[in-house]
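Reading through the structure tokens given below for one structure.
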Amino acid sequence: MGFRSYLLRRAILTIPVFIGLTLFIFLLARVLPGDPARMALGPRATDEAVAALRIEMGLDDPLHIQYLNYMGGLLQGDMGIALTTNRNVFTDVLAFFPATLELVITAMFLAVLFGIPLGIIAALNKDRLGDNLSRLIAFFGVSMPVFWAAILIQLAIAYNLGLLPPSGRIGVDRPEWYTGFLIIDSIIALNFEALRSTLAHLALPAFALALAPMADVARMTRSSFIEEYNEDYVRALETQGLPGRLIAYKYVLKASFASTLTIIGLDFGFLIGGAFLVEIVFSWPGLARYGVRAILENDINAVMGVVLVIGAVFIIVNLIVDVLYGFLDPRVRYGEGSSA
Amino acid sequence: MSVVERYQSFKESEQANRYREEALRFAWRFRQNPMSLFGLGMILLLILIAIFAPYIAPNPAHAGWRGEPAVDFGNAWHEPSLAHPFGTDQAGRDILSRVIFGTRLSLILGLVVLTIAIGIGVPLGLIAGYVGGIPSTIIMRTTDVFLSVPPLVLALAVTVPLQPGLVTAMLAISIVWWPWYTRLVYGEVVSVREQDFVEASRGLGTGRLRIIFREILPNVTAPITVKFSLDMGYAILVGAGLGFLGLGAQPPTPEWGTMVAQGRIHLPDRWWLSTFPGLAIFLTVLAFNFLGDGLRDIFDVEVD
Amino acid sequence: MAPILEVEDLKVHFDTYEGKQQVLNGIDLTVNEGETVAIVGESGCGKSVTARTIIGTLAQPPGEIVSGEVRYRGEDLLSDRAAAQRVKNEEMAMIFQDPMTHLSPVFTIGTMMADIINYRGKRSISWMRMIRDAIGRGNRLSAADRERCVEMFTKLQIPDPEGILDRYPVELSGGMRQRVLIAMALITDPDFLIADEPTTALDVTVQSQILDILAERIAEQNLSVIYVTHNLGVARKLADRIYVMYAGEIAEVATTEQLFDQPMHPYSIGLLESIPKLTEFDSEGIGGLIPNYTDPPSGCRFHPRCPAYMEGTCDVEQVPAFELGDGRYVACYLYEEGMDVETAASIADTEVEYEDEELEQFAAGQTGGTPPWEEDEP
């Protein structure tokens, strides 16, 4: 089977998950105890006002009609009005999500950048000092509550040493909005002052967020690297007289990277979760902070929107991971192996 | 003896031998793995601290022992000292005592969450894996949907219609946790199902339930044990995260995440308020990760 | 003929859960220029360990070379690591038992051939070079090398020799993969080939094709070969001389005609007599009766199974190899140094008599299985 049909088949498989996700979010909002209209208006509203809002929100229609209405709205980019901001949730999401994505992607980049070499060092020094040290670092990374790590980093580097700003996203005027990603926007605008400030603000939260996935990536790289290194084909390559560096960094690394990829996909979800905590600590104006506020104020439309968007991104990321996996390991395309 | 009985008794003695052999190996490997021993030691210590908290804590009343946490405004904002090794908070409460009592909440949260998750997830996984067909499709597609949203985000969403509190947090985390076990068990069952000995018992007319309990369940215990240990740490992390966001235990409950959040307001000057409860979370999670990772090596299983 | 490889008193131990396994107990072995030598024995007798020790891929630990020398054209490969590296890289090649696991699953055949042709024998490779490779510049097969590969594939009777360069191993059958592995071993023109049961994992018709191809290559490229097998039929087809191995010791060394004409060592006799049984019994899984390597039998390791066992003689001291009149060596107290062949043959005929069940065990021992030191251990 060719790569293209693998890609197509894999993409089609995500559609039911998308639909399931919308159904799930819809049910979560409608079936769980609590009246969205009452929640929206607060405990002091009159019963008449609540009843009126119920009709306006379509809450008295049969469930399947409500779901269809919800889906119809979604397809037109209508996620309902956010009670906290009084804007369409979709508009809010577009406004806040780039900040979160920029943070999460930067953290993922850091995690891979440091995690993979750490894992390889550990694997090549198996059971020796280098291995034990990097494993210990990895253990610390996955065990630290990310909000606490964020606080410690903020305390030490921003407050005590004053090296980097403790909060916010940028310290000068924002560059003009093209993508919402400040790094990209400031490069487009050739505004290097803004770029410098963006990077300075991004460094600490991204690093705090990257600790756990970095540890995870390192652990996975280590174990899959060791596993691949014990495969028969590595012995064959050795007897064929290939240099050790070529065997380790070409053959073993490519084969083991497939497993690491799977972990990267999973970790992306945990990163978004972690962003909820880190954004609070660093006052990062992202979707997570918006979501937390929505939850605390029982803004059900906003919560549904945030969960839906995050779920959708997570699904897409995992689709990309699967496709890359199939690209790296032909066994997956031919249905021999499987992508976890 | 009939053929079936002979087969059963042969299998039983076989099984007993296998268990003994495995237990010996297990003990041998455990001793080879100092990290997991260390983790186990730390966990035992934590359990002792949780049980004897009222006797260990210098000031149990500050942690809400028999009533609401007491206040002592005269002693507010003490830096860590001999009298108050972890300092005191804005209401003059001894943070060490509160951290010690927090052990109880975190361990209970982890246990409750995982008990519910395993209680839902494992049977569903067994059904999906063993029965197959439409029930299997429904169950597994549902887990796909659950797993398509990051756990913390999903748990947050579940708390929306509920009153924030420790019980809500436990419930929310349990609801997002079971699909992991369903998936794990499902995968194991499908691979075990096709193995010879299960085919053999089926050929001999052994009932479905019996096959599940006698043949399949023992085979999934190892990965579940490993996952349980790793997840204890992770569930405690998520619980603390909810507390930190104000959606878990409410102040002045001495819950670690909540305490970190409360202390954060007074940063950077009063660093000790957040630092010590966070350290407690870190060490607890570390212990479970040490143990879980060791168990993973010992049982030689890979879990997500 | 000059010897190209001499192995002397090779002892290898394995450290396992059960204890120290004395797997090779003083192996002496010589391969002359252009000669094909077969090592024959039941699975688990240490044949593969011998092969791996010679080419230097013995896993250490758990393996440990206790004593001995492996001299290739006079240089001791065990003590001189640089020489070992050079010889392994430039002069030796190896083919393996299981073609399904010995090819990297994530690269095409063409990429692997290119790496072998371009980088074989290079001690190191610069990072720049690796990065250029990774982004697809450099490390392509030159037209001439491509031609060479295609020529080699054609000689190995691979259909579509041109197209196979762009295929992944997963797209090929076991027989094809084994041909590819043979091509990889032979493309760089080695002088010395070690073949570790390369046909065992294949089905019977493919086996004989591969053997024919291999025989042709050996003749044409004038290779010196160590061929490891448990199958006497295969050994007879390819080998000039045969080493019969039992439990980490050499039992008998003879030319192929000598051995098939008149085996002398009781173990060789049993092995030969059990051949017809192979077709009658499917005794897979019994695994023969290889002795325990942590506490091997005293004296001759074969004595507990030997029909000509002499108490007080065989179980006391390790048997030296006696050279018989026709130049073969036998490690058995039935014979004496310099004994002429007729006398020896009549001793073999009268003293060594097997029961049927015992022969079945021999047959079972030839069908494969996992040697005790290779079972999974932490």
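Letters A, B and C mark the chains as written, and numbering starts fresh at 1 in each.
What we mean here is this: contacts are C-beta pairs under 8 Å (C-beta built on N, C-alpha and C of every residue); 3 or more make two chains touch, one makes a residue touch a chain.
Just so we're clear, the structure is a prediction, and the values are computed from it rather than from any experiment.
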Pair of chains whose C-beta contact count is the highest in the structure: A-B
Per Cα centroids, the chain farthest from chain B: C
For chain A paired with chain B, centre-to-centre distance based on mean C-alpha positions, whole Å: 23
Chain centre separation in whole Å, for chain C relative to chain A (CA means): 53
Chain C residues touching chain A - in the complex, by the definition given at the top: 55, 57, 88-90, 92-94, 96, 98, 101-107, 115-116, 119-125, 130, 133-134, 168, 170-171, 181, 184-185, 188
Residues of chain A touching chain B in the complex: 16-17, 20-21, 23-25, 28, 32-34, 39, 139-140, 142-148, 151-152, 154-155, 159-160, 223, 266, 269-274, 276-277, 280-281, 291-292, 295-296, 298, 300, 303-304, 306-307, 310-311, 314-315, 318, 340
Chain B to chain A touching residues, read off their complex: 141-142, 144-146, 148-154, 156-162, 233, 237-238, 240-241, 244-247, 257, 260-261, 264, 267-268, 271, 274-275, 278-279, 281-283, 285-286, 289-290, 293, 302, 304
Residues of chain A that touch chain C when the two form their complex: 231-233, 235-243, 245-246, 249-251, 254-255, 258, 328-331, 334, 336
